[in-house]
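Shared chain: chain A. Partners: chain B in the first complex, chain C in the second.
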Partner chain A sequence: MKITYPHMGNAHIAINAMLENLKLEVIPPPPISKKTFELGVKHCPEFACMPLKINLGNFIEALDLGADTILMAGGWGPCRFGYYAQVERDILEDLGFDFEMVILEAPDSRVSELFQQLQALGQNVSIWEAFKALKFAWYKLQVVEKLERSFAYIHPRAADKNRVEDIYDKGLLELERAQDKSDIDEAGSKNLDRLNQMVLTGKKPLKIGLVGEIYTVLEPMANYSIARCLGRLNVEVDNSIYISDWLNDHLLGSLVKKSHQKHLVKCARPYLNYSVGGHGLETVGSTVDYARKKYDGVIQVGPLTCMPEIVAQSVLSSVSKEEDIPCMTLYFDEHAGTAGIQTRLEAFTDMLKRKKTLTALTH
Partner chain B sequence: MSYYLGVDIGSVSSNFVLIDELSNVLEKIYMRTEGNPVKAVKQGYKELMEKMNGKVSIQGVGTTGSGRHLADIILGADVVKNEITAHAVAASFFHPDARTIIEIGGQDSKMIILQDAIVSDFAMNTVCAAGTGSFLDQQASRLNILIQDFGPAALKSKQPVRIAGRCGVFAESDMIHKQQMGYPLEDILMGLCEALVRNYLNNVGKGKKIESPVIFQGGVAANAGLKRAFEKILQMEIKVPPYHDVMGAVGAAILAREYIEEHQCASVFKGDSFITEGQFNSSSFECQGCPNMCEVVCIRRDKEALAYWGDRCKRWETSIGHKEVG
Partner chain C sequence: MNKIGMPRGLFYYYYYPLYKTFFSDLDARVILSQKTTRITIDQGIDAAVDETCFPIKVYFGHVKELCRYDLDYLFVPRLVSIEPRSYICPKFMGVPDMLRASIDNLPPLIDITVDLSRSDRVYKDQLFKTGKLFTKKTGRIKDAYEHGKQELAYCQAIAAQGYTMAEAIDIWQGEDIEQQLNGSLRIGVLGHGYSLYDEAISMNIISRLRQMGCTVVLPEALSLEEIEQEAATMPKRIFWTLGRKMVGSALKMEKMADIDGIIYVACFGCGPDSFIGEIIERKVSDKAYMLIIIDEHTGEGGLVTRLEAFCDMLKRRRRHKIEDYISAYG
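Up next is the complex of A and B:
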């Protein structure tokens, strides 16, 4: 069995680690590129949202490299993601590919159900080995996210931004290659040290919260590396969601760590009191949360036509006014024009900067 | 005298202004970019210098518009600014009490909300060109009327016809239908103006609260019919500032002046001979570094490469001294 999976930000580092420890031969999809988009756009329904198209592009590229099994996450609720796996399977079958599709579903009550799913997937592994594989992947993910957070802190403050990006990119590659816990620790601390040794400008950066649909938030190829663009404009970006949060809430039944979600649901009141599918409720809740943490602004991102984010966007205008936090919404699709996005980001940061100087003067 | 140069390279028009240290506009040039921004920058600069008889020493340069980076490479700019900020700065210079700026250009349109002369919110049109100048351009040429005559003719209308403004394609078929029914030309022209205004308010304005004073700028503000349509639909007075067609360039020049005065530094302006003598070329190639195959653009002066851009990973862009923008 040669297994593959879809890309989402740095998730592949943890997924690879888990699958390899389930004694599987893994064929990761090539990094998302223009070709991935082209394949996805060609074979998906025109009106489908962008993550589906990228997923499908990933799968086609991996199947072409010899993969014969696809691992995909399932879902439920009023968002198209719940049907992704089924739709993708149908499209790929129509294209004549011969493969198996394994859909990981969130456990209903006991987390042991997840281990059973993983054990069934693995090649002759005990439930203990399945547990160990998951634990190892989780550990790796923690270090990856530590590096992500450190990058988000250093990048806007550093004088030499190219070097920061370089350290981060290489650090991720080293973590991907790490075979055991000591490898991970070594790669992690070495690169964190490197980041911490960067010369900083000493200026206090603006702080922006990035909210919205998870895939667009986490996958730089889906959001034109918005976090890096902002970092280069000396803006510190905080992601409202990390992969570990999503895995914790959706696949591990909040057993690994305390869920942040309840807090966000509470924050969303009274602006939005119900789940509207996808991450709509979290988008509203996070925006309120950022406003109360005195962030300078919030940027909402989502794929074009994303229903939950459209609902959230309409609520954000009153959140923006009541909580006094500037918000901007950007929808992404397959177009390649980065100039428009750059202009909006520059204008938004200019606006926040001027606002900040003015409030500093009046106080 | 100290002069500051402001340059706005848009997709349709390229504008140049020269201001003095009190931000008075001394000279302006409004020309068509005609798809060749490199040529436009060079030519606009030359014309401006000819108008001033060459007797100017430039203390600072600011660039804006979608071609702002290109203009920076050729001229050497102290400030490279996005259009929103540049327009807001210029409008609040002429009208410090301005609350809303309506800016309609050839390819894009913006709405900027100001509070105490700083931007508090903004929006730009996204996918539809029905709310921009090119929509009027197209319909005018269909009706065989010069764009300069559009406004005065529309003002004669007493009973504008209703034209669907949601989409350029619908508007056109709607307009043809009204023409065939025999409605007078001026009523159709005014109908087009109102259609554009409705489209703009729905697509760009999207529920933003428009408060007076409202400033209307951009090339399209020259159209008196459109000004009246805005006044009718918003029920507010609309002010069109002097130099409304080159406000982006004015803003860029003011920002350059502020920057130089604040930092007390010399301009990075490249000077006459660099701009007028060399041969500027742009070429593009497909980078083979990864499957993204980015189309990288290279700007050269004679044989020397001045800048690269268009690559996602920035390996080309950062291969030559990178300038921070904001």
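Up next is the complex of A and C:
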């Protein structure tokens, strides 16, 4: 069995670690490229949301490399993601691929069921080994996210941004290759130290919160590396969501760490009073939260026609007014005009800077 | 007498008789917005964000029209789920919040949550609270709701005879509409009721087909059990109520020998339909199938041409039946 899975940000580092420790032969899909997009766009329904197209591109590329099993997550709506696996399977079968699809469903966020599905997937692994695989992957994810957070802090402040990006990219590669805990610790602390030793400009950067649909927030290829663009404009970007938060809230039943979810739901009131699927409620809640933490602005991202984000976007106008926080919404699809995005980001940050200086002057 | 506004959009086409009877029995006057016009559409486009789907924009237009009247309440339920383990669509779940954020000077909203995905307790609770606005007697509220359900069933029975839900509601209210069931072609037309039966949204697609000499078969004319049975053949249960109904209806129509072709009317940007249209296209291989995607553009000529071409093709196919099968792709 040669197993593959879809890409999402740096999730592949943890997923790879877990699957390898379940004694599976893993064929990771090649990094998302223009070709991935093209394959997805060609075979997916025209109006499907972008993550589906990228997923499908990932699968086709991995199947071409010899994979025969696809690992995918499920769900029960109302967001379209819950039906992704079904549509993808139909399309791939019609294209003539021969493969098996394993869909992880966590109906009531019960960690035991998820765990059983994982163990069943492994090749003759004991419960203890499956548990260790999961724990190792979780540990790796924690270190990856530590590096991500540190990068988000240093990048806008550093004078030499190329070097920061270089350290971060290489650090991720080292973490991906790390075989045991000591490897991870070594790679983690070495690269964190390197980041911390960077020469900083000493200027206080603008702070922007990045909210929206999880895939678009986490996958740089899906958002034209918006975080890096902003970092290069000396803007500190805070991700409203990390993979570990999502896993913790949705699959592990908030067992591992304290959930932030309840706080966000409270923040979203009275603007949005009901969960609208996907990350709609979290988007609104996080925006309010950022406003109260005195961030300079919020950028909402999502795939074009994303239903929950449209609801959130409709509500954000009144959040922006009442909580006094500038918001901008960017929808992404497969078109590839980066200049337009860059211009809008520059205009938005210029506006935030002006606003900041003006309020500083009037006080 | 209390005046309650009801927008003629979204689930008007599925539930109007129920709530109209409910509120009337509680001595409230129900004020319905006018049929969708260009002005409704323009007002809706102004109020809603660009990315929302066309039916939601039209709904906003209806709400704006109602805001002009002197209303005591505006009835805009939050439709989450109308049956166990299913949803409508995320946008329906956020409609009251979206309205509050987009339109000023709204009358007080009655935004009860209709969520029957796990149990009907919350829904009943909220229904009673709503009823309490108009009467103190719980018995009366219960009776009014039961009466509403009866009227809805009556209206659905009218629709089952081959009328659209919009026509069925008109007939239910006492109008006389003659039925045309003698067309030479029988075409199954599928789509979400709120876009299909709103003549402005669907650009009159149903009456156009009838004028071209077709008999239109709608999901309302099929039995619910058969639809569910067909939909259950999908490997994973489709968790959008309307989406599942459409897939079930399409599969059922594929098996009905007297149906010549199937047309699916979807709205641009509709999330569930982007998948459902695809699923039907892959599953329905024995019948001609056409997917029409509509939005607020007004070029009716393109639609007419496609309908004519589709009908011509079906007629040709009938004439050449000796060949037994001609591919839908030409």
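Convention: the second predicted complex is superposed on the first by the 360 of 363 C-alpha atoms of A that agree within 3 Å, B and C clash if a C-alpha of one lies under 4 Å from a C-alpha of the other, contacts with A are read in each partner's own complex, and residues count from 1 in each chain.
Here is the rule we use: contacts are C-beta pairs under 8 Å (C-beta built on N, C-alpha and C of every residue); 3 or more make two chains touch, one makes a residue touch a chain.
Predicted model only: the values in this text are computed from it and were never measured.
Clash-free side-by-side placement of chain B and chain C is the outcome of superposition onto chain A.
Vertex at the C-alpha centre of chain A, arms toward the centres of chain B and chain C: the angle is 80 degrees, rounded to a multiple of 10.
Ranked by how many residues of chain A each touches, chain B and chain C are led by C. Of the two partner chains, chain C is the only one touched by A:V276; chain B is not. Contacts of A:S317 after superposition on the shared chain: both chain B and chain C are touched.
By the document's definition of touching, of the two partners only chain C reaches A:F47; chain B does not. In the superposition on chain A, contact of A:S225 is made with chain B only, not with chain C. In the superposition on chain A, A:P326 makes contact with chain B only, not with chain C.
Of the two partner chains placed by the overlay, neither chain B nor chain C lies in contact with A:W128. By the touch criterion defined above, A:T349 lies against chain B but remains apart from chain C after alignment on the C-alpha atoms of chain A. Superposing the two structures on chain A brings chain B to within 6 Å of chain C, judged by their nearest Cα atoms. Within chain A, the residues touching chain B in one complex and chain C in the other are 317, 331.
Interface residues of chain A, counted against chain C in their complex, comprise 45-49, 74, 76-80, 82-83, 85-87, 89-90, 94, 271-278, 280, 304-308, 310-318, 331. Contacts from chain A toward chain B in the complex involve residues 30-31, 33-36, 162, 225, 232-234, 317, 326, 331, 339-340, 342-344, 346-351, 354-355, 358. Of all residues in chain C, only 48-49, 51-52, 78, 80, 85-91, 93-94, 96-98, 100-102, 113, 234-236, 238-240, 268-275, 277-279, 282, 293 touch chain A in the complex they form. Put simply, chain B touches chain A in their complex at residues 66, 81-85, 116, 118-122, 124, 126, 207, 290-294, 312, 314, 318, 322, 324-326.
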